[in-house]
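For clarity, chains are labelled A, B, C and D in written order, and residue numbers in each chain start from 1.
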Amino acid sequence: MEDRSHISPTATLLFSCPDQKGLVAKIANFIYSNGGNIIHADQHSDVAAGLFLTRIEWQLEGFNLRRDVIHPAFEAIAQPMGANWQIHFSDTIPRIAIWVTKQDHCLLDLLLRHQAKEFSAEIPLIISNHPKLEAIATQFGIDYHHIPINRDNRQEQEQKQLALLQDYKIDLVVLAKYMQVVSPWLLQQFPNIINIHHSFLPAFAGANPYQRAHARGVKIIGATAHYATEDLDEGPIIEQDVVQVSHRDEVADLIRKGKDLERVVLARAVRLHLQNRVLVYGNRTVVFA
Amino acid sequence: MEDRSHISPTATLLFSCPDQKGLVAKIANFIYSNGGNIIHADQHSDVAAGLFLTRIEWQLEGFNLRRDVIHPAFEAIAQPMGANWQIHFSDTIPRIAIWVTKQDHCLLDLLLRHQAKEFSAEIPLIISNHPKLEAIATQFGIDYHHIPINRDNRQEQEQKQLALLQDYKIDLVVLAKYMQVVSPWLLQQFPNIINIHHSFLPAFAGANPYQRAHARGVKIIGATAHYATEDLDEGPIIEQDVVQVSHRDEVADLIRKGKDLERVVLARAVRLHLQNRVLVYGNRTVVFA
Amino acid sequence: MEDRSHISPTATLLFSCPDQKGLVAKIANFIYSNGGNIIHADQHSDVAAGLFLTRIEWQLEGFNLRRDVIHPAFEAIAQPMGANWQIHFSDTIPRIAIWVTKQDHCLLDLLLRHQAKEFSAEIPLIISNHPKLEAIATQFGIDYHHIPINRDNRQEQEQKQLALLQDYKIDLVVLAKYMQVVSPWLLQQFPNIINIHHSFLPAFAGANPYQRAHARGVKIIGATAHYATEDLDEGPIIEQDVVQVSHRDEVADLIRKGKDLERVVLARAVRLHLQNRVLVYGNRTVVFA
Amino acid sequence: MEDRSHISPTATLLFSCPDQKGLVAKIANFIYSNGGNIIHADQHSDVAAGLFLTRIEWQLEGFNLRRDVIHPAFEAIAQPMGANWQIHFSDTIPRIAIWVTKQDHCLLDLLLRHQAKEFSAEIPLIISNHPKLEAIATQFGIDYHHIPINRDNRQEQEQKQLALLQDYKIDLVVLAKYMQVVSPWLLQQFPNIINIHHSFLPAFAGANPYQRAHARGVKIIGATAHYATEDLDEGPIIEQDVVQVSHRDEVADLIRKGKDLERVVLARAVRLHLQNRVLVYGNRTVVFA
């Protein structure tokens, strides 16, 4: 996991509510009057939506509220504002399940970054609809569950997937080239799912984006990390990046170049999520980077 | 026009034909045996299409064929190969018509680049469906023709546009934010038309791309220069570029940032075309940059 | 100037002080208790430097302090914190002087952006050590002062420059390819000067960066906008951008491509400065973008 | 190794000589008259240096010259031109040695790309001045030689390094974060060495580039892959790339972001070299990409 051992634990508030006067003051006062030292604060107002969104991180050292009291104490302030909010503690390490099919580049990239302590998370579980990548799981000492899915057994197999998420106390699912749709019911039960799509969405949503990019003769290709939603490739976008291509690049070259994009775009999105820097509202994200 | 006065005139061949052995040798021999010195040669093979495409530029100084003989002499070689080809002389200066509506940023950018000698071309004609930008034409000493178009008079007005292109001996039309479709019949009569679309095609083809990019919450926006074809925003892409945006960018910011993209992407495409670096085949381009 | 007529006037605080608890709360309370509505707040802590820096913008509509009282009232809060701070009102329009030599591309770009209302500023003054660009000043209705400088008359001529800045009540000088050093004494008298350097600093500081980039065989070139300081090309960097080049690009191509960079990088830096988004400390900037 | 099993073997000529008429014709004729089918040809003229450089690749299937005759046959043509040239056969697989110290990210990246068949090469040897990364070598089944170097034993240890390169028949050395200088005598004995430097050269040549980039307050960082030469970080540049940073990025963030750059920039350079797309002349490269 990310090495933050030199940093004392922090609390991070992700907060949104209808815009109104005094929001910053009220939240800052709550933290200050309880002895907290703010180390990061950022806010955004979506004027059209009339919405205020903020991320505030403060040191727990010297903060006078016990952790189990923070929630009810803050709710007393947030409730009159009509707010949606979450508070995360930096020493509560999130647990990730990675779902894959047969391609290994995103999986290996995530595992190596985890090993290099780029992520403050644990990765106890890999789920796949294919047996192919089990050796990688073994190498990294991670449990691998092969749950094949077809048209007839989807509901039943997704029940198994959900059960595993619960058994392993998973906080975040990363679809690292998982070439299956996830059913709406499962997304409702477990909404924290990040997907990587191998195109610059909304261009080339759906299947075979590199083939279609080649056929269209584009001069730039991209990759998009987004939260999974019921509408395929329509979820809130967290991160995108692109790379130049030319007429010399055949489909195989687009795939090769695209893999480098997929790796970094997915890794950046996972890191932003783990650092509680992403706030979703409607189909959009605010990324407090 | 671009200052190439220090360079002796050159001929540039753009050539494509079914792939076969000896193409490079035959073309290079034609030039060499007539005393020409090749200063640029690039080729591409589209293996899937079985097509060979090349751009070869050579100095006319010391070339022993008279210009009026070059065409028939080369046709004798090209015809057996089943080739499509054009030869351009660098001292035959192409003539551009710029078509605009009300936005001036691409128009001004093209005119200032022309003034700075970035383009080897003349710009004698501006056509608009609005009177708004006439003062700019006046300032730069360019004829401005206001040809309003509505649903009822399109055919008749496009006849006037075509007549102007012929009167002014125009080689290339640049749609510099011309917010009108161009009818198929006109495109058939005059196919050399470059358009700038204010999105990263194929994303957000059609109207209001910035509004739609904002609504979708993308993290990158783009612009695309392409040859105009009957299918709106579906023509062969010459150049694309992108810029990062964030949740802080409202539609007005996307428009502002996008203008910088539109300017440079259109200018690059026009320059590539004027230097005879773009070969179209099917709905794709080879850009010998 | 930038069209913000639909937005009610705002005050923007740029603030830095030694890091300590309660800073956000105290500042937010000052604004809230006086009836202000914060529309933008961002902060940064430089842990190594032990410094807290923030930008807070709030609406003046409904704010109960008279403008002439805001300064002394806030000083009462800021002084015990040991803070450096400025407050800017969005309806006090800053006045820019552009200094040029012979190249017109940055000048024209700034003037056209001003005309397109991308900048909330007035541009009443152009100063040049050459007469060449006077026609552009005339065209845009701006006063042009030709102040030739050589080794012998520098001090005397810079006195004239400073007098002009004072006469025209200039707030910001933009060196838009002004190919002269500015003396330390003048920088002390007038420190708000933004320069554009045609390289990716610290690479190729000093003269002829494109020639040297070509000689070094780099694959990317850049441009850098920074505040001018006594040490040439060593001032705090506001904005940088780059573009790919290849072995095909001769020095003239680097210059041409570089101009596009210079234009956008300088324009972005000027806009960030005018929006009071740049805080300088030491030789660094915080850009609250 | 890169999977080119579907492609018949090719020969690739890398060629440079003083510019003169008929070069393309003579080389193309040599290939065509012997029955070869050119599948890639690109050329460059450095006008200032009076130099012609080309890369030509043709299929060996149907080529009538035996491989052992190609060299002397072509030398008969090349010698009168005063040319430097090499011919590589695509089914002669180059052998790479990777040199590392303690950082594993570039090493792992190269090995995983090799495993994914992105490189047409064998990697039989890893040399390190530290024992740390031996486990990775073991995992991938590659010999690992630990050759510690200090001020006193450099000459002697470099003799061992060179002997290993000879024993393993190494064609290319990749310095994948090898934190030691390589002595001039060794570079003369073995000049095919690619290094990755963790800055945008020539900015921040030498030690601690990320620390210095942070201190300078740059807004973009980079990485550079170049051939190693006697002058540290002064060799011919093959590939560069950059990424945006901000005031929020501490040195650790620059290092983390930089690693992603180092990985892709080094991998691209190695791939370009292996595909014989890089021609060095003076301190510059032509990259026929």
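Descriptive notes on the structure:
Convention: a contact is a pair of C-beta atoms (placed from the backbone, for glycine too) under 8 Å apart; a residue touches a chain by one contact, two chains touch by 3 or more.
This structure is a prediction, so every number in the text was calculated from the model and none was measured.
Distance between Cα centroids is largest for the pairing of subunit A with B. Of all residue numbers used at the contact between subunit A and subunit D, over half are used by both chains, marking a mostly same-residue interface. Rounded to a whole number, the gap between the C-alpha centres of subunit A and subunit D is 37 angstrom.
Centre to centre, using the average C-alpha position, subunit A and subunit B are separated by 42 Å.
Residues of subunit C in contact with two or more other chains: 248. Those residues of subunit B lying in contact with subunit D across their complex are 21-26, 28-29, 31-33, 35-43, 45, 62, 244. Within the complex formed with subunit B, the residues of subunit A that make contact are 44, 46-48, 200-204, 216-220, 222, 236-242, 246-248, 250, 283-287. Residue ranges of subunit C in contact with subunit B, taken from their complex: 105, 108, 112, 116, 118, 139, 248, 256, 260, 264, 289.
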